[in-house]
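Two complexes come next, and they have one chain in common, subunit A, joined by subunit B in the first and subunit C in the second.
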Partner chain A sequence: MLRAEWTKLRTLPGSMIALLVAITLTVAFGLLTAAGTHTSCLGGPCPDPPVGPDGQVVTDSFSFAHRPLDGDGTLTARVTSMTGIITYPPPHNDEIVNEMVPWAKAGLMIKDGTKPGSPYASVLLTAAHGVRMQHNFTGDAAGPPGARWLRLDRKGETITGYASADGTSWTKISAVRLDGLPRQVQIGLFVASPSNVTAEANGRGGRVVKARFTQATAVFDEVGPGGGWTYDGVGRTGDGTDWEKFHQPPGMRESGGSLTISGSGDIAPAGREAGPPLEQTVAGLFAALFVVIVVAAMFITAEYRRGLIRTTLIATPRRHRTVVAKAGVMFAATFVTGLIAALLTLPVSLRLLRAGGTFIAPVGFGVGLRIVVGCGLVLSLAALLAYGMGVVLRRGIAAMACAVLLVVVPHMLATTSVVPDEAARWLLRVTPAAGFAILQSIPAYAQVQYPYAPADGYFPLAPWAGLGVTALWATAFVALGVVRIRRGDA
Partner chain B sequence: MRAELTKLRTRRGPLLLLILLVAVTAAGSAMAVVDGPDPVHASLQGVLIGQAVAALAGVQLLAGEYSTGLIQTTWLAVPRRLPVLFAKSAWLLLGVSGAALLAVGASVLAGRLISSSYPALTSTTVLRAAAGSVLYLSLTALFGLGVGALLRNAPFAAGATLSALYVIPAIIPFFPDRDWQEALYRIGPSTAGLSIQTTADPASLPIGPWAGLAVTAAWALGTLASGGWLLRRR
Partner chain C sequence: MRANTIEVSRLCKRYGPAVALDDMTFTVRPGHVTGFVGPNGAGKSTTMRVILGLDRADAGTALVGGRRYAELTRPLTHVGALIDPGALAPTRSGRNHLLWLAHSQRLPARRVDEVLDLVGLAKAARRHAGGYSLGMKQRLGVAAALLGDPPILILDEPFNGLDPEGIVWMRELLRDLAAQQRSVLIASHLMSELQDLAGHLVMVGRGHVVADEPVAALTGRHGSLEAAYLALTRTEVEFRAAR
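Presenting the complex of A and B:
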């Protein structure tokens, strides 16, 4: 029966051509935009942003008072005060205020050298999220509330973070393993203060993201063992801001038993600000989506129009099996279409973009595979939904219109219109457009204060959860179609 | 003319489409209302959904007859093609603009009730955005009719019309070059036409409000004219 349905799809006028067109549209769009993209910085090609130990793009700039540590060792310190400034924050943007951003950090760190992106583990006090133990940019664990004393302990490749409120009773936060950590590492005290970032909607549906300079200053005492510190502005470029030139330069001051460090920057995974994400290369999938929806809606409704459905149903009187077989064929054909489109587009686009000097945030093999398979699944689930609608409504135009209204329109409203962010998130949670989350290569991180929004490609649901929502919709419509065809006459 | 009206009147489909147009437009708008930089624009976001229904009403009117075979009866009754097309356009225009008036009126009222920073309903900007949206929806319906006349196949025509409306705004952000982006924005029937809705700083758009609507009108009239020409030839 599958074979029979495949023959019908193959011979449905224009359907094979349409699927080829879908592939061509995706590939052509990807290659055209990639070939037209050129990125350069003042004085030549842009330097690549640092890449962390797990292969993701990271931000790694902070003030670091450090000394070498050979083999195992411990460092303890108390953060006696932590203050900061934010330059010209909203709503008035007219003064420098004495406040800190929520993820301003001060603490202890063990790092494999001072090169940005190198492995590290740290225990730190934040402005608004208490004590944390963070490592290798993405690892983040919360410590006990109210602690001011911090301790970092190294044994081989394992680093353990402790915190304490009084310096006598210590709570272990977590122990992490930094694979391949050399014998000699840098150990020390650090301060970082991420930019104050806000996004404003502009009237056109885009967003303007603004980042304002901030600085944090922390005073450490009871540092043990102390002494022998070297200061480095890790990952620091340029001359610095006016605040740093005229008020408070970043750096370290030792007086008596205490150590004062001022600094800016962040130690965290980076988002899209580092460069366009991988999924941008397959944006042509939107055009393919329309083609696939039309083919899928026609696949069943054309039979009704021509009366072929009677022949089909006579040939296989168990009607629901016909509906399911057709669904299977449709799913497979469109899945392969999306897969081929992605496999043709991604490698060539990436090479073209790289040649044009554009840095595309690298993704792991797993994420890359998910995006390629996701291209197939997005197309095939949309097709399945349109097909199910076709069985239920028996009218090609109504079926495809409903599919477009359910899949494409919510995605468009959520990402390129002036619909408020919260409404956009709901659209991407409950409508079949949720499945586009499968293509998101860069996740949103809880330990980064950034106005993540659907307009920037950050979906409210996790990739497979979003796809699950779409799959539910598609299955529901096919099931409705089965019910309908078992009840009604053709 | 009368015959076309009877065809429309005696079927449930067209009326349902118009009711759907009012419902989705008003609902979409009410959801989007916010005290943003441009509350008027936000309160008209439902038009983004409503345009699909309007376009389909247009596609259905002529291309739909090809699906059912009714078209042969139509041509037998009135062998000259153009009067039929004119009659269809006229009724379509009347029906869709009536529904659009209700839909946009409801959207603007919802915006006024929900948003506190909404300008007065009689201010020229609100009137321009609202009247423009009604015109825009009517033009999209004509566009659908024109594409239907060109392709003479309802699903294909629907696919073509909807992709013209929705694909262009979806892919614009991915174009690397600002000039390309702006050129596409000016060419796209939906992007250019919907610039009529912007009340905050319309000068920042790549195309002016009325010029944008003219682009949509050009698409509608262009497809209608070429569709009409093809109908006569075939």
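Presenting the complex of A and C:
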């Protein structure tokens, strides 16, 4: 039955040409966009953003008072005070306020050198999220509440973080392994303060993201063992802000037994601010989506229009199996279409973008594979949905319109900022457009304060969960189609 | 010999207030062509669709070879049907139309070429079916019906659109098929054609059988099949016209 339906599909020249057109549209859109994209910084090529040990783009800039550590060792300190400023925050944007952003950080760190992106582990106090143990940019574990004392202990490649409220009874937060950590590392105290980022809806649609300079200052005492500190502004570029020039430069001050460090920046995974995400290269898939919806709906509705459905049901009278076999063939054909489109587009687009000076955030093999397979699945599930609609409605135009309305329109509304962020999130949770989450290469992180929004390509559901929503919709329509075709006369 | 009979038993079906089948009962046996005649709207098409499992009867049964059509595996090897010769995808070639049907019955592609030769469509087989004349579509439909070499054939108006040569060919083909001990049910309005061709006749009106007997018996009583038809269906037509 599957073979018969495949023969049927492949012997319709229109369908096969349409699927080729879908591939061509995706590839052409991707390559033309990539070829036309050029990025440069002040006349020269842009420096690549730092890449963390796990291969993802990171932000790695902070104030670091450090000294070398050979082999195993421990560092303990108490954070006696932590203060900060935010420049011209909303609502009035007219003054510098003495406040800290929630993820302002002060603590201890062991790092493989001072090069941005190098492996590290840290135990730290934050402005609003208590004590944490963080490592290698994405690792984040919460420590005990109320602690001010921090301790970092290295044994080989394993680093253990502790926190304490009184300096005598210690709680272990977590032990992490930094693979390949050399014998000599840098150990020390650090301060970072991420920018204050807000997003406002623009009256005409779209949104404006604003980032404001912030700075945090922490006083450490009871530092043991102390002494021998070197200061570095890790990952620091440019001349600095007016605040740093005229009020408080970033740096380290030692007085008596205490160490005061001021600094800005963050130690965290980066988002799309580092460069366009990988999935932007397959944006042409959106055009392919229309083609696939038409092909899938027609696959069944044309049979109704010509009366061919009777021949089909005479040849294969078990109607539910016939409907499912057709669905399977449509799924497979469109899945392969998406897969080929992705495999043709991605490598060439990436090379072209790179040649044009544009940095595309690298992704791991798993994420890359998910996006390639995701291109196939997004197309095939949309096709399945349109096909199911076709079985239910038996009218080509109606089925196509419904499929576009359910899959394409919510995605457009949600990602172009024409509806408020929260409404957009709901659209991407409950409509079949949720499945586009499978293409999201850069996740949203809890330990980063950023106005993640669908308009920037951040989906409310995890990749496979989002795809699951779409799959449920598609399956539901095919199931409805089965019910419909089994009930009535053909 | 139930293996190649069509047994229609007490079929009833309504479409809303309209009665399509009203206790329709007859049996088609192998060895001769059975004509299936009656005025438009008498229930011929509905009966055939119920036999083929396309429409559901409100009551009664229709069995092919002793089984319901929907229960057949590889049904085209049990029953061949020509219902609507125009039911084709216009851009698919005639050969490919038969090819997907063959695949659906797990028949080899070789069989497709055999039936194409049999119906004389071998030359046009690779052209788009949308460009076929009605006669060619009929031949393609017959090819599809014969694809599974079935012991039972159900053909709706097989002579439609055929040229004189095609009519002669079709007549011989149907005779041969019946002579091979197949059951052949032909719905047609061409009484003169059936008079020469059919051995048995099922005449229906208003959803039930009004005559079910050998053609020879009918022509013996009424002189010709046409006269028999007009005599036997008059009441049915008048009754309906008066309603």
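The definition used in the following text is that the second predicted complex is superposed on the first by the 486 of 490 C-alpha atoms of A that agree within 3 Å, B and C clash if a C-alpha of one lies under 4 Å from a C-alpha of the other, contacts with A are read in each partner's own complex, and residues count from 1 in each chain.
Throughout what follows, a residue touches a chain if its C-beta (ideal position, glycine included) is under 8 Å from a C-beta of that chain, and two chains touch if they have at least 3 such contacts.
Worth saying up front: this structure is predicted, and the values here are computed from it rather than measured.
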| item | value |
| --- | --- |
| Dominant toucher of subunit A (residue count), subunit B or subunit C | B |
| Subunit B versus subunit C as contact partner of A:290, first or second or both or neither | first |
| Subunit B versus subunit C as contact partner of A:404, first or second or both or neither | first |
| Footprint of subunit A on subunit B - complex, ascending | 24, 28, 31-32, 34, 36-38, 41-42, 45, 48-49, 52-53, 56, 59-60, 63-64, 67, 154-156, 158-159, 162-163, 166-167, 169-177, 180, 198, 200-201, 204-205 |
| Subunit C-facing residues of subunit A, complex | 1, 3-5, 7-8, 11-14, 302-303, 306-308, 310-311, 313-318, 489-490 |
| Contact footprint of subunit B on subunit A as seen in their complex | 29, 33, 36-38, 200-204, 206, 280, 283-284, 286-287, 290-291, 293-294, 297-298, 301, 305, 395-397, 400-401, 404-405, 408-409, 411-413, 415-420, 423 |
| Contacting residues of subunit C [partner subunit A, same complex] | 49, 52-56, 69-70, 72, 75-76, 81, 83-84, 86-93, 96-97, 99-101, 103-105, 144 |
